[in-house]
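Naming follows writing order (A, B, C and D), and every chain is counted from residue 1.
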């Protein structure tokens, strides 16, 4: 069971008060699909607006990144730079 | 259309002639008429120094000189600083000290530093900073530029720092 | 297409005739560090540009009748290279050398600074405090006028059509006297003065100030000759009380605006501070000349 | 080839034996740049080229009633005039190409106003003519009829319920319920943890203040410039000074509804960007003018246009409240950030929120950010976008907390420092960070113990930036003499050619002089994200390293062939293939020898790697600054400055130092003097380098740097991004030093002399 954390309030438009989710998934894509099933529209929001940190490491494009059984996944806004 | 004027001048030791609009600046003439694009336009108002050239021995902003004023004058630009393919010590020191990042302000800084060392071969750090205060650099924080200028000055005096 | 033309006469009279014929948009060109910026920004419509730098009297520094004659187009850097001028009028040279960068110093002249008629002109307060005058050439001939009479409002001068300043004249420097100029800017270089203060004073044999002139820049529509501020230190040895009087008197004459470079309140305070500090420097210099 | 997406962490290439990485060779593009030969955007001239000019709105907010171009068109020498009517009216769509996702409609409307001018300087029309004088004349002959609308510049004024609304279709995102009327607040965003109210109730000491910062500009010395050519067959070429040729290609294609494949963008040398050249302003306009005229068109901004019409970074109003136990443990933080985004949404308030508390391990916090549109230029990225702003507020508050607690400011930060394994305030868990080491570096530095004189103060502040990786392509080709060429798709803004060549030289065992780097156009190298986010040395460097490693593998195969031994019996050492079995008596084969025999062993030797680099290590900086304040004038002199930073591994230490020094200088300018000043009519009053006061050489001391190297295991040489972090701490470091010097907390930037004098006088 992976542990998903959405600390950013933009996610709450979809999830209400929930900020932490336990999800059964072995890739980020499947994790997003599952979250979208629970909260319709959330998947698209994640894909378009969020970066994903898997066990502390930020991915800008992590759709196919593998997840370990106990991975922690953080949804955070995308980051640019100067 | 304003009447264009014929100008003869000496640029980097070579005689040049060009036709120019009376409102064109020396910088315009250097870049557009003579193809000397080493002098840069960063502001057009004398506030950044990227267009620095030496006019009759005086350091000036070429954006604040009319091209027509160059009649009969001597102009030295960045393109004349090296001796053929041999870099001037200032140029060499700028490279060794990594005194440039984007490089856009570099030609103006080198011309200004050349004028400094011509006038004062042994400047203090403070003198160098004030002399070069008219040359904005946004990349380096000036630290390595000042070091390069001081080192070049020492080399030109045949000392080592 | 708007017309612009350029000539470079070699005599003052030719220049005056050309300026008169050129009408309202004709301008004399000295160093051009203000003129070119104004032309480019569109603040000044293009017209006739009369380059005065090929007129022999307009360039260089000459010692005459115990004083100094400075050609109108003499660049600032020439002033700093002139040892005798720096000895006699250190404040005037300081003011001129604060105009812009080294590059600008290679072009900008005190007369240009004066005729640009900016209340913040760095070279003007020291000139006013020095009681300098101008030699003006025009279609009607030549005349002299005090420096402070040139600017009448920001950007406006008392010069008649066709007139231009050919020379600036500094009077002979009495014994035991000196001047100083200070300005306030947020950076260390490359700024327009938020406030400027020039002080010129003379000491008697006992170190008492026998004559003084104080001029303040950027605290009114034109540079202010602050006679009350000068009076506040005449007769003193510039003790703390005299300095406090000077500070107050300098502030009292200020009528500054608030703008992007500083608030009215700040300018007024700083005028007092700089007048005081410039007076201390001038006093120290005057003592050393004794 | 594609990188494996989740490549396991590799040990950095052995540091102990590095021959090139970590040295300070002369940059390969240096000679061109010190002789004036390097060609920047405005330096290019093409046969038949026209000069373009842009007409800009003089009003901060106005409906465009009509644009009459007839008189301008009649002027001899005018070859093209475009307005918004010549651009497709794009739908609102988020698109990822530049610094972060951009809304294509907003991007297009910023390039050319359609119905409404939203800021002073907003482009409304453009011309191309045979000379600049004619182009100027034509601009003056275009008549625009405006209906002037009420405008708003200040961020809190724009948030007020009765403020003039910029976009009638914009409703605040991120609220619990959809609002019933449009607002200038584009978005509300919150990051929270723990129980804030309970934590404040438990706190022994609470500090709280309101902070204000002004909009500031990146201030690159080179104005935006490009040349564009649209051919009769629809093939387009653009030469442009930007931070990414692929970004220019994408945005031109989108804004003009062209195929990306029909556009070839060649990067000119770039004269500074700092994030400001991560979007388009001129290029689509130049292409549209070229399409209409059939001739190449050059567009170059004046400095006035750069200030008025390119993107500065946000002005802000912030509130910070911190609660701590008496032992210095910070247990609660309440942060509110209101950021001005300019005419369209998209301020860096998100990154500002995520970085605000990133240096601290705090159990209870709330960070709320507002993205607010105003009648000012649309903001663009500026070096660690948003982070210096929120750091100014938080680091000022932490400084106040240290004073209240009577604690040393470094000790307070160490006590609350994030470490490996700590969950960052913005979500993920930190690994391989060097923050504590960086704090220690400053604490142990002689600067930190040096005595101070009267009217002098010392300030400490810390800063954080994520750093990013992303998509990069690089190719390495061996020449027949054994030298190499490194080709990348990232404009070299501060010395990246040098670091690319060095990493390739290291892997190939070649002296640096034998490796020449070039930056290629969009048709000559695969896609790369732009140069920004401190990603180039990390991500593109990774591609270069992997391409060189592929060549090494190829050289081993070829060497084994020539030696007639199995490939597992050779190794690559010091630029030569060697046989591992000395008994076989095989002479080493150098790269040059292998290159010379390439035809016999399979043909030319080269490799290209495309990857999407992950695992850019976050960076931390700790700065200490000494100032002296003239109590009578309020003038601040920066006496001494030392910046320590965890850089992972410095590939070319001189350019790492240069990045740090440059960031510090920009931050000092931001702290002391830089600001956008608007008059009551909403027009910028100081759109020039005279009154927009960036630091000059005499304003600054030497800037001492300390490079802390805590390796990033995800980069082959351990590198972390370095360019962004150094601008984060200086605003607060300077403000904290001023606090020390005058005994008063200054909460509004810039710390200009009038403000300081007023604070002193307030007693």
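Convention: a contact is a pair of C-beta atoms (placed from the backbone, for glycine too) under 8 Å apart; a residue touches a chain by one contact, two chains touch by 3 or more.
Treat the numbers as computed from the prediction; the structure is a model and nothing was measured.
*Asks:* Tell me, please, which two chains come out on top when C-beta pairs in contact are counted per chain pair.
*Replies:* Looking at every pair of chains, the most contacts join B-D.
*Asks:* Chain B to chain C: how many Å between their CA centres?
*Replies:* That gives a centre separation of 29 Å.
*Asks:* Centre to centre, by mean C-alpha position, how many angstrom separate chain C and chain D?
*Replies:* Taking the average C-alpha coordinate of chain C and of chain D, the gap between them is 44 Å.
*Asks:* Which positions in chain D touch two or more other chains at once?
*Replies:* Those would be 133, 218, 273-274, 689-690, 695-696, 698-699.
*Asks:* Check each residue of chain B and list the ones that touch at least two other chains.
*Replies:* Only 1-2, 21, 23, 44-45, 47, 130, 132-135 qualify.
*Asks:* All pairs of touching chains?
*Replies:* Chain pairs that touch: A-D, B-C, B-D, C-D.
*Asks:* Which chain D residues qualify as touching chain A in the complex?
*Replies:* Residues of chain D touching chain A: 5-6, 94, 98-101, 173-174, 176, 187-193, 218, 273-276, 278, 348, 350-351, 354, 368, 381-385, 426-431, 465-471, 532-535, 612, 614-616, 714, 721, 723-724, 727.
*Asks:* Okay, in this complex, where on chain C does chain D touch?
*Replies:* 1-2, 41, 184, 186-192, 194, 259-263, 265-266, 269-270, 273
*Asks:* Applying the document's contact rule, which stretches of chain B touch chain D when the two form their complex?
*Replies:* These residues of chain B touch chain D: 1-2, 21, 23, 31-32, 35-45, 47-48, 50, 77-79, 81-82, 87, 91, 94-98, 100-107, 110, 125-126, 128-130, 132-147.
*Asks:* Per the contact definition, I'd like the list of chain C residues that touch chain B in the complex.
*Replies:* The contact residues of chain C facing chain B are 1-6, 8, 29, 31-33, 36-37, 39-41, 46, 49, 51, 53, 75, 77, 100-104, 106-107, 188-190.
*Asks:* Can you list the chain D residues touching chain C in their complex?
*Replies:* Contacts found on chain D: 133-134, 137, 304, 632-635, 672-673, 677, 685-686, 689-691, 693, 695-696, 698-699, 752-754, 757-758, 761.
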